[in-house]
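Supplied in structure tokens, the structure appears directly below.
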Amino acid sequence: ASTSSSSGELRLATDWPYPFHGNPFGPGAIGGAWWFAYEPFAYYIPQTGEYIPRLAESWKIEKGKVTINLRKNGKFSDGKPFTSKDVITTINLIQAMWQWPYEIESVTAPNNYTVVFTLSKDAPQSFVHTILTDGAMAALAPYHVYGKWSNQAKEVADLGKKIFALTSQGKTPDAQLKKDYDKKADQLRKQINAFSPFKTLKRMPVVGSFEPTKITQSEMVLTANKYHWLYSKMKIRKITFRRWSSNEFVWASLISGEIYAAHPNMPKDVVDQLSILNPSLKVKTTSDLSEIALVFNYQKPLFKDINLRKAIAYVLDRSKIRDVAVWQAFTTAPYAHGILKSMESKWITKDTMSKLTKYTTNYKLAEEILKKAGYKKVGNTWQQPNGQPVAFTLSVYGPHNDWVLAAREVVQQLNNFGFKVEMKLIPDGMRDQVMKSGDYEAAIEFGVAWWGYPHPYTGYQRLYQTDVYNITKFPAKDKYATPWGKLSPYDLTEQLRDVAQDKKKSVDVIQKLAYITNEYLPVIPLFEKVLPIYYSDGRKVTGWPAKDDPLWSLAPGGIERVYNLLITTGKLVPKK
Amino acid sequence: MKNKRFSNFFYDYIQPILTNKKSLIGLIILSFFILMATIGPLVVPLNMNSNFAERYQKPSLKHPFGTDYFGVDIFQQIVHGSRSVISLTLLASLFAVIIGTIFGVARGYIEGVAGKILDAIITVFLVIPSFPALLILAAIFTNAKLNAVEIALLVAIWLWAPLAKQISAQVLAIKSKEFIEASKMLNMGLGYILFSDIAKLLIPYIFINFVTQIKSAMEFSIGLMFLGLAKFDPTHWGIMLNYALYQAGALYTPKGFHYPFFIILNIVLLIYGGILLAQGIEEVFNPKLRGHE
Amino acid sequence: MRYIIDRLVYLFIVLIIAISGVFVLVNKMPGDPAYGLAVSIAQQRNMQMDQALEIAHKIMGIDPHESLIVRYFRFISNLFKGNFGYSAFYQTSVNEIIAKSLPWTLFVISLATFVSFMVGIFMGAFAAQKRGTIIDLVISTISSIIQAVPPFVLAVLILFIFAVRLRVLPIGGAYPVDVEPSFSVQFILKVLHHAIGPMFATAIPQMAAWTLAMRGNTSQVMEEDYIRFAQARGLRDSVIANKYIKNNAMLPLVASLAISIGYMLGGHTLVESIFNYPGIGFYFGKAIAVRDFGLLTGLFSLIVIGVIVATFIAEIIYALIDPRVKLK
Amino acid sequence: MNCLLKVSNLKAIYLVREGTIKATDDVSFEIFENTAAAIVGESASGKSTIIEAMTRTLPPNGRILSGTVEYKGKDLLKISEEELRTIRWKEIALVPQAAQQSLNPTMKIIDHFKDTIQAHGINWNKDELISRASEKIRMVRLNPETVLNAYPMQLSGGMKQRVLIALALLLEPKILILDEPTSALDVLTQAHIIQLLKDLKKKLNITLIFVTHDIAVAAELADNIFVIYGGCLVECSPTFEIFKNPKHPYTKGLINSIMAINADMSKIKAIPGDPPSLLNPPSGCRFHPRCEHVMDICKKVRPPLVQLSSGSKVACHLYEEGGYRR
Amino acid sequence: MSEIAITAQNVSKIYSQGLFRKKYKLVLDNINLEVKKGDRLVIIGESGMGKTTLARILANLDAPSSGDVYWFGTSLKDVNTSEYKHLRKKVQYVHQDPYASLHPSKTIFKIIADPLRECQGLTGKKLEEKVYDLLEMVGLMPPDYFFNKYPHHLSGGGRQRLAIARALTAQPEILIADEPISMIDMSLRAAIIKLLKDLNDKHNITVILILHDIGAARYFTYEKGEIAVLYGGRIVEKGTSKEVITRPIHPYTKVLISSSPIADPELARNREIEQLRSYDPPVRGPETKNCPFSHACNYFVDKCLSVTPELEKVNADHYIACHVFKD
């Protein structure tokens, strides 16, 4: 309520490093200003599968090669035109600074407005998607700002790629090479970090629609890029971010109208109250492309028994858990097939569905399974066949409110059934350490997640090969019985990776993976996370898309993209 | 003779506490909570099943403090939570008082370099900001699977220093007292001087400190539970309060106002009881406050 | 003089021990400062955590294999040069962070201390002079109850009632971003307006403490013989109340003012994060959460130094204002 | 001789946790102009209480239950605070016993002088104040230059005591009440203070009331001696009479217990037993548990103060109006 | 009888003060004393003359800056620990303030019984009996009435008796008492002095008494023993009570005696007290060589300002340190 200039301002909440350096390579980068300052070649709308060109006009994908025709009217906020030189500088710098993405073997510029990416042999099909949609790929390091380091960066990047290539072939690169690389990389990194444009240039020329111009510890102001190709359409010329210090703070800001849109978790009663206090507030929920799951540590013998896992799946009342934890979320019941609930119908055939076990809450069934497997109920407590009680602790990361609530409910339900479950919080900053070291028995974690590449492959990869696998150590290379014979989920995931771009082939593989995942329960999904987006419509700004507009599905992994798209297309306008 | 001794003790320590209004009220409040922690859980059942149909019920006969965000009776949780709150708090303040007394007495009594070293140790603990340090220490021990006693010790480590400082000042004053000199002349030995001569005079003082520690010990133990050091207990008042304020946002909805209110009420009452008792005892035993007699 | 030098040497030794202790403590803390960054890298680039973590280390310039001793000596020698270290998370020197944030914290703390002290002194003296009456009962009961309320509860209540419901206070920040910092009246008013919330959240518990302390001191002084002697000399009650009672009751408290400011430096984290106030408490919380060891040791050292300096100043002030001590 | 101050039936108590301390019980006496009266008694017998009650300077837990203190036709116990305030120090000055703690530790000595004159609306300029104060300070044999600018803690106990006396002389009051003016002092200083008080009485026509537990001090200075025992006035006689012919057994004991330089060794003898508790004072005559002449009546009836022909007044069952009980 | 109980040899005490501890104050200056077993000694002097300091040094509660103290012929400088432990019990000290020297929260029984157990190894019934005897001995009667009382239930005199009884638990041979009567009532003082006299007479305990009251000193030493007058850290006159009090020689002693209150109004009013030149206490440093009284003395000669007079014998029972009146 502190500013009266309703004309053309959007107020949001986010986080950013302060003291502000404006260095995209620095930790924290530029915080929530990222998607406003750096445009990707294109936006991808998961719900429709449509690419919306941004810095690219068009592109051509060939085997191992992507050719992109750049937009000719792109300009940096200091008026300098955007050309292929900028892309090359950017790729050199990010490869040098981040050791990523080595999937790009080289970039060349046939002319000022064309770039050609040559991809390495190992690059998965999905990487093309990354090139097109990642905000860092196009103009993170403008030539006229970072150009003087371009060659140095290329040198570092090439050395890095060489080492990477050797290691991924299983060879050890010789020490001299490594030393050489480390020295050069460090040198470059020091220079780049010391350069931090906002400190040395007092501004940061960006190609995106907004440039951060004024930053304090509690607020960050972005000013519209006058030279942006869509500037004339933009009715909103200023964005003010308040610091997202806590959920309650965001609630308070939303209620009092200090910010116009945000996506905090909010208990139902607070939402009800909110709409009374601030009637202009609307909410749209969209899938966050991830789910929260109960994960097990397979190093503990207790969980190796599929019967116990099945029993647990039957015991849990997942809609109740969802109600307690995030009432807006999508319940994953009654399946556990590893595909997001909201995408289920797109990827799993009716036929497969009929083959999958339904885990609806059913104590009787759970008891039967357990008894058959030799478990006994003594008094109020279930005992394993070896006579030990079924007792374990459930770890959950403290700072994640919704997880804690879910855990609380899970513990309650399991205890009601007769397991002895205790709950333990993982302190701030310790999640990775605790989970990786295997110092837990069961935990609440992200199960499958489709960030980065919205495709079931990313979820299965997590489950059987990468992040979730790393903490659970689920025996993914074992073979499991399926209607299609004995299969290993690890191998299936490998297969899926290669055919990911091909919808039909991937669907085939996915059926098998879904079956194994549902029947062998490497994790038990609890609910699909959603982004509840609260936006004030008609008070200060108006023109938000309809609730069913597929545009919203752009939000996960960078909600600012939605805002940016709305502003630059002239849809979001100040209220007159 | 035993009897007489007791009656002396009663006359000197107990009776004044009972006749002072503040300490009496404080004592009543504390006994109430101790009762709650000891026999409360045996009498009051606990049903933690969430029941969304009964969320945010106002206080009634069925639910004396109403129900919470999960539809669970708040009163039951308060009663069951009091056990961990009070035991951890009391244990931590007890340890703090013990450590503080040992260090304080040693510092006050020992002279020369050793005394200076002790003094430096106390000062070091005084100047390090205790709450952040506790957080860090807790983080270090997260995976150590500590039991309640060890956790209380961990809390106490950051509580004892001010007490030690004050006690050392007291001991410094007492040790130059003439009756100590008399004991020395009678070859009474260090143990006697420390534990009989000096300790006797410190008792009311130590007790006051014990009670005042309750407040900080409580705050610290809540902090620790958040850190996951202590076993997570959803009925712990601190956890309940955290749920109410941050998770359920009860302040933000008029329906839920009673939810944090009753938790805060209990926390405040418990600490207030301690403060009252301490104030009362101080009035009774501090001759300066008592006036001439 | 000799005493002062002795004292300085002693405090210096304490300082070194305390800072070393804190250094070890902080560096023994499990967790990786690069974790947060690694997570976001992994999420954005669909990368494995191991790889992301390695990259994050590189980006933050952290060498996870550097020995503690080497780090310690670098830290201490930097500290002697007035350099509080380097924040890996913010990629800047801790000095810069301190320079940006300490003034705000000091501002709020001193304001809170000043207000609470003034009010506390007044209320405490008032209650003591009305000892035994209902006024005394009300004042001391309220003060005791306030002392019993956990400070974060108080802060949340203030934020909620005054900022969210009544909207008389701004929500967060030190000043609105659209005002240029300057010495204009308008700016100063804005700054004060933003400071009110955190200030009261800090001041109210203190106010209660000062009130109780002043009440105790005053009743003690009131029983001193020199008060009766002043009455016997026919002095007016107002003269006695001010020159004799208040002054003498206040002296010990004035000295603890400095100490309380020192201690508050360390305890301001909660209030600042609740009010989103840009002081060092905010960074403290953040530094613990993201395991920014450099920042954490820097801030810890700052606070330890602050407390020690404050203690020393308090001793000096006490000696200066109280002739009883001055002459010793 | 003129009766300047008449105390009748003064009763004062202290409230304590265990009950009430009956520190002054029904005390009556008269003070005549330009005489010196000594109130003598052992410690805790209520000497200070009497004078504090008379001047309404009892500590907060002290209460005056009854009695009147007549001064210039007014009852000091009834007049308003403000009226009392103007009488205090200007006409009746009280130097308290606790000399060590009676000066404000955070004020210089000179400021105490300043406060005092300001309180009584006297407008001396700085030089005048200093010269007057110096004069009084010199009178008590102190060095004004160092003393006036000192803080109380820089002075020794004896010096503080003398400063208080100097302060009391500042406004040249009619009545000077001193509580144990010499007990904290050395023999030589004590002798000097006694000399000083004698001179003051002569020169300034001051009426003196002083409290002491050393009856030998009273011998030198007092015209009349009031002997207090256990909160009661037990004997009230002219000085010479008391020493020549003590009436009350307690007075006798007191005189015999003095180990004076010229005392007869064979007569020196302490009074057996302990001083009474004023919380639960003995019934009847409060001295009876220690008295060698104790009779049955002593245990039950409190003896009234009777006037004897020798000019003494005594409260003892051995006597009746006029002389010995036959 | 002529065995020596305690000896002070050239005992001096210097306190340093001031910011840099550069200012020295000579509190005791070359004191020589000798007390025979079973004898009485009174040291008198005004406040600040070093009485307490001397007494504490004699009782080995403080160490002298130079010089030596001997207990039963053993130098305290080179006594070994076990021997010291044994000697320690034999020399006891009674503090001036009976309110501060008794533990406020211990019963009277405990105050006496604890050291008895420690010093004499008594337990049970025997212990109780002994406590009874001791209390009876110091005149706290009836003893068992007091067993469960606390010191604050006692009068000042009672407390001082208790303090003496506690000192007696160690079965001392020397009792040093620092102004044991200054804090108690006039009417009870004589009794305490009498008690000390009795201890000396009946139990043959050597008593060294510090007093500022000449009358009491006279009373204590009337039958036997000596009085030493301390001024400015030096003994200026010493002798039997008859000599020192009835025939004082030193000008300071004379003034002191003439200033003492006399319990006789007639005498008191007619006496003439000699006026001194100064009433300030002497200020002396380690290098000062003068008569400590010279700054106040009305009879001083030049020599008094430059030479410190030594204690010289006047007759068998009388010693004096004065250049002017020594003959």
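Order as written gives the chain letters A, B, C, D and E; numbering starts at 1 within each chain.
Heads up, the rule we're going with is that contacts are C-beta pairs under 8 Å (C-beta built on N, C-alpha and C of every residue); 3 or more make two chains touch, one makes a residue touch a chain.
Quantities reported herein were computed from a predicted structural model and do not represent experimental measurements.
K.L.:
When every step has to jump to a touching chain, what is the lowest number of steps that links subunit C to subunit D?
P.N.:
Step count on the best path from subunit C to subunit D: 1.
K.L.:
Name, by label, each chain that touches both members of the pair subunit A and subunit C.
P.N.:
The shared contacts of subunit A and subunit C, listed by label, come to B.
K.L.:
Quick check: more C-beta contact pairs in B-E or A-B?
P.N.:
A-B
K.L.:
What is the chain whose Cα centre is as far as it gets from that of subunit D?
P.N.:
Chain A.
K.L.:
Quick one: report the Å distance separating subunit B from subunit C, using the average Cα coordinate of each chain.
P.N.:
Centre separation, subunit B to subunit C: 24 Å.
K.L.:
How big is the gap, in whole Å, between where the Cα atoms of subunit A centre and where those of subunit D centre?
P.N.:
Comparing mean C-alpha positions, subunit D is 91 Å from subunit A.
K.L.:
Can you compute the centre-to-centre distance for subunit B and subunit D, using the mean CA position of each chain? Integer Å is fine.
P.N.:
About 51 Å separates the centre of subunit B from that of subunit D.
K.L.:
How many angstrom lie between the centres of subunit C and subunit E, each centre taken as the mean Cα position?
P.N.:
Distance between chain centres: 56 Å.
K.L.:
Note the residues in subunit D that touch 2 or more other chains, in rising order.
P.N.:
Within subunit D, the residues that touch at least two other chains are 59-60.
K.L.:
Could you list the positions in subunit A whose residues touch two or more of the other chains?
P.N.:
Answer for subunit A, listing residues that touch two or more other chains: 246, 248, 255, 428-430.
K.L.:
Name the residues of subunit C that each touch 2 or more other chains.
P.N.:
Each of 30-31, 156, 160, 164, 223, 288 in subunit C touches at least two other chains.
K.L.:
Spell out the residues on subunit B that touch subunit C in their complex, using ranges where they run on.
P.N.:
Against subunit C, the touching part of subunit B is residues 116, 120, 123-124, 126-133, 135-137, 139-140, 142-143, 215, 218-219, 222, 241, 245, 251-252, 260, 264, 267-272, 274-276, 279, 288-289, 291-292.
K.L.:
Which residues of subunit C touch subunit B in their complex?
P.N.:
10-11, 13-15, 17-18, 21-22, 25-26, 28-31, 144-145, 147-151, 153, 156-157, 160, 164, 216, 219-220, 223, 263, 265-267, 269, 284, 288, 296, 300, 303-304, 307-308, 311
K.L.:
Quick one: which bits of subunit C touch subunit D in the complex? Just the residue numbers, please.
P.N.:
Contacts found on subunit C: 222-226, 228-236, 239, 243-244, 247-248, 251, 322-324, 327.
K.L.:
How about subunit B: which of its residues touch subunit E in the complex?
P.N.:
Listed in rising order, the residues are 1, 4-5, 8, 12, 177-179, 181-183, 185-189, 192, 196-197, 200-201.
K.L.:
Write out the stretch or stretches of subunit E touching subunit D in their complex.
P.N.:
46-47, 154-158, 184-191, 193-194, 212-216, 218-219, 222, 245, 255-257, 259-269, 273, 276, 279
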